[in-house]
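Sharing a structure, written as structure tokens. Questions coming.
Naming follows writing order (A, B and C), and every chain is counted from residue 1.
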Amino acid sequence: MDKLSLHNPLFATYVVAATLLILKAVSMSWLTVVRMMQVKGGFRAPEDLKKTALNPEPHPAQIAPNEAVDRIRRIQLNDLENIPFFLFAGLLFVLSDPPLRLTQWLLYGYVVSRFLHFAAYLTARTHETRATLWTVGSVILIFITCWTLFAAIRG
Amino acid sequence: MDKLSLHNPLFATYVVAATLLILKAVSMSWLTVVRMMQVKGGFRAPEDLKKTALNPEPHPAQIAPNEAVDRIRRIQLNDLENIPFFLFAGLLFVLSDPPLRLTQWLLYGYVVSRFLHFAAYLTARTHETRATLWTVGSVILIFITCWTLFAAIRG
Amino acid sequence: MDKLSLHNPLFATYVVAATLLILKAVSMSWLTVVRMMQVKGGFRAPEDLKKTALNPEPHPAQIAPNEAVDRIRRIQLNDLENIPFFLFAGLLFVLSDPPLRLTQWLLYGYVVSRFLHFAAYLTARTHETRATLWTVGSVILIFITCWTLFAAIRG
């Protein structure tokens, strides 16, 4: 069967997991926008203090760090450190023809771990809670990467 | 036809858009280098204050934030938050066999939106201008991601 | 032959290089964790000052910048600015059917350049040393991206 066909359940599993993670990652940008509008601040560029229709009363404090906005930026940076590498590892993993059930557990498990990590970070749970959820995802990522590397070396 | 052949116009469209965006993103690193050499500063690591052939008269102010350099770093961070996810979404999108003309509009449209966003950010246009250009790209990204997700769920 | 088969030496070369780079990039997160535990600091979120089993005596200085931790974060950010784009460029490059020996030199050369860059950054070598190693990798990345773009335009 065509490996890259959506009729191939391995590839379809990857595409569902990948698109959900992309939507998750992109939502962080929009959430940053929402929070910047709520607090009317947390901007970063000097020109964001120009008077415009959307910012009729600019004030220097608007480019000071703002925790409500910075929290989303930290979550987004964590996404950047993890999700792109998972998207590559997952694609190469499904191309190495792994068992379907295992693939579903690992890929959907990663998606769930990232959504729970987001919930824990957004609501400021303890470092332990956040770290545990991050660790689940990171171990899955390392596992599928090593699996794929060994498959490539065996040829 | 081979989906991943450059003779397949859908895949060729993706490859042209993807390589242009990669070159754009990589150029930000080089532009940072150029600006660091112009202002002889904007460094970030303590060891960058060591006396060397390229930095014969080191000074502590060289590792202080420098707006000319930081502007490029902000543009680059914006690239990191957007382009890798578009590159994945675009690849999976073209594999879902979308109409060619639509694909060309969306993928080349995204490339144009990112180049205009760069121009607006570099020349310090208002937040509204920059945000509008970013929004065009983000909406394209969300559209192709949702399209692909629905195609995968339908199977 | 199936372009995406691990029996295809071009694709296998890519998969080996890609998985090594993914493991390298993911290791930066774990190295950050190790250093945060060593210095009991370098945290970033306000809630990381909550008293927990792993942080029995929280102190405000724990969320101050810490050079031992920040060094790894700078290395990781450099990875984010480079590795994902290489992973895309490398994949599209091998799909354009380049010569095998050239591909091995370029892809494995990039991997070596990134590991040496890491060693130079970790041990705080001069800016020149670090910049030279980064440049080798960046030139490889630009070369394979331009090669692929021209192949796509020729069709």
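Heads up, the rule we're going with is that contacts are C-beta pairs under 8 Å (C-beta built on N, C-alpha and C of every residue); 3 or more make two chains touch, one makes a residue touch a chain.
Everything numeric here is computed off the predicted structure, so don't read it as measured data.
Asker: For the two copies chain C and chain A, is the contact made of the same residues on each side, with over half of the numbers shared, or of different residues?
Answerer: Shared-number fraction below one half, so different.
Asker: Give me the C-alpha superposition rotation for chain A onto chain B, in degrees, nearest 5.
Answerer: Rotating chain A by 120 degrees superposes it on chain B.
Asker: Could you grab the centroid distance between chain A and chain C? Build each centroid from C-alpha atoms only and quote it in angstrom.
Answerer: 17
Asker: Which residue numbers or ranges of chain A touch two or more of the other chains?
Answerer: Within chain A, the residues that touch at least two other chains are 4, 80, 84.
Asker: Using the touch definition from the top, list the residues of chain C that touch chain B in their complex.
Answerer: My answer: residues 3-4, 67, 71, 74, 80-82, 84-85, 88-89, 92, 95-96, 121, 124-128, 130-131, 134, 138, 141-142, 145-146, 148-149, 151-155.
Asker: Looking at the complex, which residues from chain C come into contact with chain A?
Answerer: Going through chain C, the ones touching chain A are 2, 4, 6-7, 12, 15-16, 18-20, 22-23, 25-26, 28-30, 33, 43-48, 50, 52-55, 76, 80, 83-84, 87.
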